[in-house]
Amino acid sequence: MKYLDEFRDGETAQRLAREIRQTATRTWSIMEVCGGQTHSIVRNGLDQLLEGAVEMIHGPGCPVCVTPLELIDKALAIASQPGVIFCSFGDMLRVPGSDKDLFRIKAEGGDIRVVYSPLDALQIARQNSERQVVFFGIGFETTAPANAMAVHQAKQQGIANFSMLVSHVLVPPAIEAIMSSPTCRVQAFLAAGHVCSVMGYWQYYPLVERYRVPIVITGFEPLDLLEGIRRAVHLLEAGTPQVDNAYERAVCFEGNQPAQKLLSEVFEVADRKWRGIGEIPRSGWRLSDPYREFDAEQRFSVANITTKESPLCHSGEVLQGNLKPNECPGFGKECTPRHPLGATMVSTEGACAAYYNYGRFVAVESIH
Amino acid sequence: MSKHEKPDFSQWSCPLPLRDYPTIVIGHGGGGKLSGELIEHIFVPAFRNTTLEVMADSSVLHRPAGRLAFSTDSYVVQPLFFPGGSIGDLAVHGTVNDLSMSGATPLYLSAGFILEEGFPLAQLAAIVDRMGAAARAAGVQIVTGDTKVVEKGHGDGCYINTSGIGVIADDIHIDPTRARPGDVVLLSGTIGDHGMAIMSVREGLEFETIIESDSAALNGMVASLLKFAPHVHVLRDPTRGGLASSLNEIAAQSKVGILIEDRKLPVLPDVQSACELLGMDPVYVPNEGKLVAIVDPSVADAVLATLRAHEYGKNAAIIGTVTGQHIGMLAAKTVVGGTRIIPMQIGEQIPRIC
Amino acid sequence: MCLAVPGQVKEIYGSMGTQMGRVNFGGIVKEVCLAYLPDIKVGDYTIVHVGFAIAKVDEESAHRTLDAFREMGLLDEEFGEPE
């Protein structure tokens, strides 16, 4: 595919990695915030090319992983109600709530449908006007414009049987939460390219100013990631923390203005809980007053459901790079990819799941 | 009807009116007159063979020399007709292939149908037609069968179970425990075609060129590989769970590690694009007409040439090796020169956004 | 997060007051909401996430990046590689 394949070339990747290794005078700890970038790093084995020069810390940027247990339980409660059609991106189906996941609810008779786009859920609502259709609106700033459009169209077109369970989280407050932690050992951040496609990257200047940590806007293909890391290492070596954009073909300073306009109309900033981290002030979006009628939490009276995370799970510290996954007491025992307790074990590229798979690999490698 | 043609139900006409019912009714599974008509007018003409035509309670088969291979599988694919095939040919190919992977020559199949009330007879006839054609093409006979009808809403139109019997020559020993360090891993062609053909219909993806299922009987290909016995150690058809599951299973059962190379995996460009779009990895996407062969390195090139000479093996490739390291695990050398672990997939692969 | 794929716009049309279009992703064509890129034209490349075009690909910049990678390779060859 054009603008994808060119950024996967093996030889160029080797060359970029070599340059990074030659530039680094010590091992730098760099966090990629976005789960999509983590996926690409693990899928391509990029971190292995950088051994000794860069330690990649996998950040909290997977909306599936950071959706709090409480919200999953709310989703399960809504999806179990008779007459409800519950629509979700495929990613969320396997994420465990307190005692079930959406697959289980489906098996028990819930009408759960995987959709590719929130507009598909809206279409289902149009076609089933006698039933309640709920869309699980998860995601970071990248996904928010799509969800905003669905709610906006529902209001415009009077699709009253549609509602959304909103769990939107924002990247900059999460980065700040990590930076401001006294134990933070992240020395540079790769900011999520597609989040910046929507929001621009002006927000990162004050963060760099305050915390003196470089932030490089980075894409998702192997060469994009290596280029982002290369620039971060250069900034670290030079001791000049700056914002740099290594994903120019898809990101501009001010971001996508029409999208931001609708976002500010449909959503308002709110405090959000993050699975494994806890509440981060002003780190999410909820529906704004004019759109509140489409809030599934209100419509289905699940706002009062509260759930505690497992006390065994230390994923918050793993996410901040303070704890190696295998140093967590539950790792590989109570907590496995099949029965994940926390965010980082849920998705296959979460730090703990990746460590679980790769750790087994390294362990057997060294025995034989 | 050729394999790739879309079914045209308007062209189908029943040789005799089936009591004027255009759809399946409960009585078709009742064992009475309606059941008999279904057998007489739909199943027997499509499957035609002398064993079936005896119409006894059980089929009496000649016992061939060698050991027997026995396998069963049920087919619940949706949609029932998809680009490149239907549930009918799939039900034949799947069981024929399962038998073939132990080095057996498939001989006989059974066919069990579970039909939902209201299922159009024209569709059933088209499915059964294709089943018959697939069986003839693969050189196997469908010698016994059964039909049950479930109430409307209790089935998904049509489910099929096929069981099969094959025979294995006494000197053939092919099974998933026999991979040895140093062995070469071959794949008979592009991966992900079947899964993506199905997925494209379900997800409403339009393609410039249609992605077709690779559904095919592999017994011919396997027969041509048997001349390399005993150097062919393992054969496997990577169906559900894709290549990743098959190789993980072999690694576990043979107590070896398997290392493949990402850039050697044959994937059609459109299948690759569809995987990008849906967030899937082709190694997990099902195939219905491909095999993995794990062979002694001394015959690897000759096996590759043999695979490539076969009509279903044109894109065959050597994709990796068996190693004594990382026992029980599958790993891949990535395009950029790193290594990744390819774990077993936990559940069904579904489109993802992140 | 945010699986987003580049594709080329083949067709632009309005549907219930929203700008929609058909986008070709390496041989696969899918309907995409183009409302957030009011100036997009047929033939442009765009980055699509969950059925929404969120950014126009700056093709010039893409080529610049690739050229820079290529130059890095030429430098390698010129100075040799100590490794």
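Note that the chains are named A, B and C in the order they appear, and that numbering of residues resets to 1 at the start of each chain.
Operating definition for what follows: contacts are C-beta pairs under 8 Å (C-beta built on N, C-alpha and C of every residue); 3 or more make two chains touch, one makes a residue touch a chain.
A quick note: this is a predicted structure, and the numbers were derived from the prediction, not measured.
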Task: Nearest-to-centre chain - CA centroid comparison - done: A
Open item on the list: Farthest chain from chain C, going by mean C-alpha coordinates, please.
Closed with: B
Task: Averaged-CA centre spacing for the pair chain C and chain A, given as whole angstrom - done: 22
- [ ] Averaged over CA atoms, how far is the centre of chain B from the centre of chain C? Could you give it in whole Å?
- [x] 37
Task: Contacts with 2+ other chains: residues of chain C - done: 1-3, 5, 25-26, 49-50
TODO: Provide the list of chain A residues touching at least two other chains, using ranges where the numbers run on.
DONE: 1, 4, 35-36, 62-63, 89, 116, 139, 143
- [ ] Would you pick out the residues of chain B that each touch at least 2 other chains?
- [x] 272-273, 276, 352-354
Open item on the list: Applying the document's contact rule, which stretches of chain C touch chain B when the two form their complex?
Closed with: 1-3, 5, 24-30, 49-50
- [ ] State the interface residues of chain A toward chain B in the complex, per the touch definition above.
- [x] 1, 4, 8, 10, 13-14, 17, 35-36, 39, 42-49, 62-64, 89-91, 93-94, 103, 114, 116, 139, 143, 222, 337-338, 347-348, 357-358, 360-361, 364-365, 368
TODO: Give every residue of chain C touching chain A within the complex, in rising order.
DONE: 1-8, 16-18, 25-26, 33, 35-38, 45, 47, 49-52, 54-55, 57-59, 61-62, 64-66, 69-70, 72-73, 76, 81, 83
- [ ] Note which residues of chain B are touching chain C in the complex, please.
- [x] 200, 204-209, 269-270, 272-274, 276-277, 279, 352-354
- [ ] Would you tell me which residues of chain A are touching chain C in their complex?
- [x] 1-4, 6-7, 9, 11-12, 15-16, 18-19, 34-36, 61-63, 89, 116-120, 139-140, 142-143, 145-146, 149, 153, 156-157, 192, 194-195, 197-198, 220, 223, 227, 248-252, 256, 258-259, 262
